[in-house]
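Which chain is which? They are A, B, C and D, in the order written, and residues in each are numbered from 1.
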Amino acid sequence: MLSKILQERIYSLAILLIVVTIVASVIFPNTFPTFENLSQILLNLSTDTIVAVGMMILLISGVFDLSVGSVVAFAGCLTAYVLHFLNLPVPVAVTIGILASVFIGWINGYLIAYQNINPMIQTLAMLGIVRGLALLASGSAIQNLPYWFNAISQSKLLGVQMPVWYMLLTIILFTFLVNKTIFFRRYYYIGGNEKAADLSGIRVKKMKVIAFMLSAGLAGVAGVLLSSRLGAALPTMGRGLELRVITAAILGGASLSGGSGKIPGALLGALFMALIANIMVISRVSGYWQEIILGIILIGTLWADKVLQKRFSKI
Amino acid sequence: MLSKILQERIYSLAILLIVVTIVASVIFPNTFPTFENLSQILLNLSTDTIVAVGMMILLISGVFDLSVGSVVAFAGCLTAYVLHFLNLPVPVAVTIGILASVFIGWINGYLIAYQNINPMIQTLAMLGIVRGLALLASGSAIQNLPYWFNAISQSKLLGVQMPVWYMLLTIILFTFLVNKTIFFRRYYYIGGNEKAADLSGIRVKKMKVIAFMLSAGLAGVAGVLLSSRLGAALPTMGRGLELRVITAAILGGASLSGGSGKIPGALLGALFMALIANIMVISRVSGYWQEIILGIILIGTLWADKVLQKRFSKI
Amino acid sequence: MKHLQLNHISKTFPGVKALSDVTLSIHAGEIHALCGENGAGKSTLMNILAGNLQPDEGTIVLDQLTQIIRSPQNAFALGISIVYQHLSLIDSLNVAENVFANDHPVNKFGIIQFGKLYEKTSLLLQRLKLDQITPNTLVSSLSPAQKQMVEIAKALSQKPAILILDEPTASLTDKETRTLFEILQKLKKEGVAIIYISHRLDELFILADCISILKDGKYQGTFLKQNLTKASLIKLMVGREINSLKSESYRQIEILLSVKNLSGQKFHNVSFNLHRGEILGLSGLVGAGRTEIARAIFGADKIESGDVVLNNVVLNTNHPFDTISKGMAYVPEERKSLGLFSEMSVQDNITVTHNNLTSHIYNATEAAQRSVELKDKLKIATTNVQQKVVNLSGGNQQKVVLAKWLLTNPEVFIVDEPTHGIDVGAKFEIYELLKSLASQGKGIIMISSDMPELLGLCDRILVIKKGTLAGELSSAEATEEKLLTLSTY
Amino acid sequence: RSSTEVVKQSIDTEEIKTKNEEYVMVTTAVTMPMYVNHDQAAFKKWGEANNVKVSILGPAEWDVPAQINTIEEVIGTHPSGLLINGTDPALAQVINKAVAAGIPTVVYDSDIPNSNRHAFIGTDWYEIGEMQGEEMVKLINGKGKVAYMGILGLNNMEAGFQGMLDVFKNYPGIELVGKYDDKANVEEAARITSDVLSAHPDLAGVCGFDSNSGPGIALAVKESGKAGRVKITTVDWEPEHLALVKEGTIHMLAGQKRELFTHYGAQFLYDMVHRTNRLSQSDLKAGITSIPYIVNTGLIKITKENVDSFLNNRE
């Protein structure tokens, strides 16, 4: 039983998160377990998590995308540009922003799957290109965006800001899709053994392209939400997000070699890092030490995970 | 014949480099092909290349290390710290700096190979930790270092600054080792098929740890050289270097899945990117187009490479 | 070495007791055959000898000295070398570097002497009569049979005192098999102890001095070849008689599939018809291009010219998906790299194609049901269908690959070396399976290098030579000799 | 190198210069919106006004060694004048190299005192810190919890921190709750701020030191519903900053007159090249420069009172 739980990263991680939360609540009873703090934590990780879902699907099928951080900025800036300079209605602008992101995903996917260009270089190069485009679109920041656009992220439901709900929606939706639909389950086969998947009648290349489009699309959504939340579109948004997100996904059970990972893992991984950061601030760890301690905790966690697995698989 | 050349990345890349050089020399006759400019290009890529050699060996054996950029900063800052605050003699300080880096490599290697912790997260976490240590060691920057320390990189030989020579030395040395000694050949087996390598009696784990120590050590050397060249140790040195270096290595023929790559490829890959950058400086491509153009060129190159391979493999 | 003694070896894996209290003794200069059903524990026992696995109980005694073999390095040091059932070659390197993995010839400075390396390798290759490959050919460009031979060369390069071969002939054709046997006989005379695992029982009676039998991880005894008949051996292995193939034909007049002037990378203008209920054999030497023809028909490789006509409609396919949905199935030769999702469960492996074709929503309970049914139908030996496929024995893995095609209920089965590494029992089960499929009016194209099975099973046999159709023989006229002549001269 | 050589070289370079005259600006983080909209915009404008060629070069990320590499490569192309962003003291050597090559060299923004630059025009980051400190003291009338953030490890920013801390020294009522690294990233700044807010519900003020700090801090404070109550001072006056001052979330901006840096910086170079004001019959022989040695442009203090005039100026 216990060994089963430890085998599944999302369960072991979930347990760990519960433990951390309880401990933190005991030590910092009147700062940590407050509604404001917890809802704010969720709000702050909503962007990362939405992107992480797309990344998780890519990782399941054995690839990854380094350009998502730039796409976040690009989508936000392009949408803002369309709103501000072309005065198109909000829905249109948002659609344009997201479609443009999907298109970027298509380019990555096509060149990687059909022209088999190395994914690492392809998406790294795209990172630079798209960041540049974001800059060209926005010049500096684009300000005073229409009320209805800002409303997307700034309005609240049950006292919690919308991005949190969008995030949860994304998680639930894709958890369902990946567990229950044949279409998405194919990604496990592709990640498991590409050639075998092909010989079993799975159109591997097409599926990969779709995965890239999907993950870029989600990055686009995240970008729109973020700039709506900021009430401005900054070309500097989403810097270094790609590595944060990949880390979250891997923490959540994915692996660069593909075939493994579950959607909720994306949320749990991001949540874990956010909690640690939050607790460090609450316990007054100074800036210099934060990275060091976060790093040590990350490694320590994975290490403990392995050790426990060994221990209990014996039983 | 031609198809053979195109199969081997280092040859096709070498040819490409020659073409680029010729073209650039024709377009910018009195700025590009000058001795200063060319030696300057080499000097500027010396740091990356030395690190790239270590990364190449890691990639050959199927792993990679994201913490090298931070190690560069760390080694520089620690050495400077030892020189400046403990006033130890230069050789001692340099040794300390490099040994410390090797130790970091050992930690990475040990946890990845023996505790099989995910290399991505392990080295990413280490990136944060080591960057933090560099900050602690140096504050903002350590200035006016002893003359003999600066001499390491600032002195010249045949009118060319030392780091270029160290770089060439590294390349030649490791090209020889990797081609001619069983010890380093093993990394091709490990990267090609880890299980099979193990069955063939290769101590895979031990070899991996050594690879990580080696690459961290080279990053340490690069850090010392860089801070000696700057005459100062900055905690911000080597930011984003890891991705640049991995890109260079992959351009040079390595692949994330391991088993392929040749040492000279590290130099050629770095040289290619340096040439593009230099030409953009000379032709005064304004700053915010650089990334876009570099990205497009990178993708274009790899794509052309694939197309040509297909074309000629048919003949 | 004179004498190797295994005492009371036991090994348990999560869920299975692979070996229980196995005692075995092997002498220098003898060829000691080891046989047993799939999953009997043969490979496990050999992996213990080779230092890849540690026994839970029991000791290994070499010349009166108890040895603990912790790692492959230990094994080499003791003069034990092994040809693994699953290839242990590195595709990205050339033949020479694979053969002398980790013990390249070096000078006194530890510098590799590539000259020597290539000499030594080409000598070995000559010994194995592998004239068509050179020391610097990339392993990735070899056919499975050639890979197997290189694997053997690798083991020989160790100059072993104890040589273990785990189903070496599974992917070999007669030509190489003969060469191998000659070499083994020579080694035997030189006093090497040879442990030989195979599911091809005829071989054992040609080659072995004595035969030991494992059943469900238990030692069944060692017998001199003379004291055994094939029947009695099978009875010891399987625990029941196996009635030989009843070879009635289900061939109908109606043509199911016809291949017209098909040309591709490695084959040119191949034409033939496949009738309903027919089992059509493809024979030929290694590298003849049979697999390529199969892949092309199945839509996995590009067709340069020619047509594939199924039920009188021309298929224009650019992906297996099309052929599968039109009712074709392909069991690839290279089980591990092309057929299986090793890290996934038996259930996921069996249901992959089915899911891909049918509904859009995944129904876990149905998938479980279906896979359990097939597990029982094909007698796949595994604790449960959630077990990872890697943990299954070679034979059972092959059954999993077959099972996944039974779900899509195809009309044309293309099976490439379907009985590689499969025990007699299972082999006959698979023959039965193919027969019953034929009786249901399905068409079957069977690529095999095991001539007896071709002769026993097929209604017609096509011989492929250097990518062209060299001849056709009806089951009546076909004999091993005729097949060989057609495929060589 | 003896001074006479310097003279000869610079004199014969002069002929070329007035022929194809070009002024090159080299910064780091060339794509940072603040740089683009102030420094670079003014520099371009100046170029058009005097119809001389101006070029803007430098790495896209904050990467001092890369800026140095660029300068080195530019020196090889002998521009008429060099305008260098004084990002770090480590620039000293390359600046000296430029000067030795006879290229008029002006440093802007932060001074590089230990170099032979011909002139410096900019501000003292220490003063920026002081200004923020004093304003914050006023805003929270000398007591309460204060947090501050920026990019740790950057020379000018550390100077800024120091300036602020030295002010706070005299106010025992002020409690510093932490120094944080927002990595020039809005999301990061927001995350840190909201964590700090939950840790210290009674937080009085936050000081931000890079251009992404402001928007991030403001976002978190707004989302926690404490806008206006938690006092915010920060640097830069991008549109988003101004908007936030206007709405009363940010209370003071310590702005620099960046347009002046590059406008006058370029003008100095121009005057040097054209010897507009000769003080001797060869200023170089005399070893003097005919331009101001140090110019401090002073700071601008933007609060709710005067923000409109800046806003309108932009729109």
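Annotations
By definition in this document, contacts are C-beta pairs under 8 Å (C-beta built on N, C-alpha and C of every residue); 3 or more make two chains touch, one makes a residue touch a chain.
Because the structure is a prediction, the values reported are computed rather than measured.
Counting only chains that touch, the fewest steps needed to get from chain C to chain D is 2.
Counting C-beta pairs in contact, the pair that comes out ahead of the other among B-C and A-D is A-D.
The distance from the centre of chain B to the centre of chain C, each centre being the mean of the chain's C-alpha atoms, comes to 44 Å. Centre-to-centre, using mean CA coordinates, chain A is 30 Å away from chain B.
Computed centre separation for the pair chain A/chain D is 34 angstrom, with centres defined by C-alpha atoms.
Computed from the mean C-alpha positions, the centre of chain B lies at a distance of 32 Å from the centre of chain D. Contact with two or more other chains is made by residues 31, 36, 60, 152 of chain D. Contact with two or more other chains is made by no residue of chain C. Looking at chain B, residues 135, 288, 291 sit in touch with two or more other chains. If you draw each protein chain as a dot and join the dots that touch, the picture is not a line, a loop, a star, or fully joined; it has some other shape. The part of chain B that touches chain C in the complex is made up of residues 180-183, 185-186, 188-189, 191-193, 195-203, 259-260.
The touching residues of chain D, when paired with chain A in their complex, are 31-34, 36-37, 60, 149, 152, 177-181, 183-187, 190-192, 194-201, 212, 215, 219-220, 223-224, 238-240, 243. Every residue of chain B that touches chain A in the complex is listed here, in rising order: 66, 111, 115-118, 120-122, 124-129, 131-133, 135-136, 243, 246-247, 250-251, 255-256, 288-289, 291-292, 294-296, 298-299, 302-303, 306-307.
Those residues of chain C lying in contact with chain B across their complex are 50, 52, 71-73, 76, 84, 87-93, 97, 101-104, 106, 110-112, 154. Those residues of chain B whose C-beta lies close enough to touch chain D in the complex are 31, 34, 36-37, 40-41, 43-44, 47, 134-135, 138-141, 143-144, 154, 226, 230-232, 234-240, 278, 281-282, 284, 286-288, 290-291.
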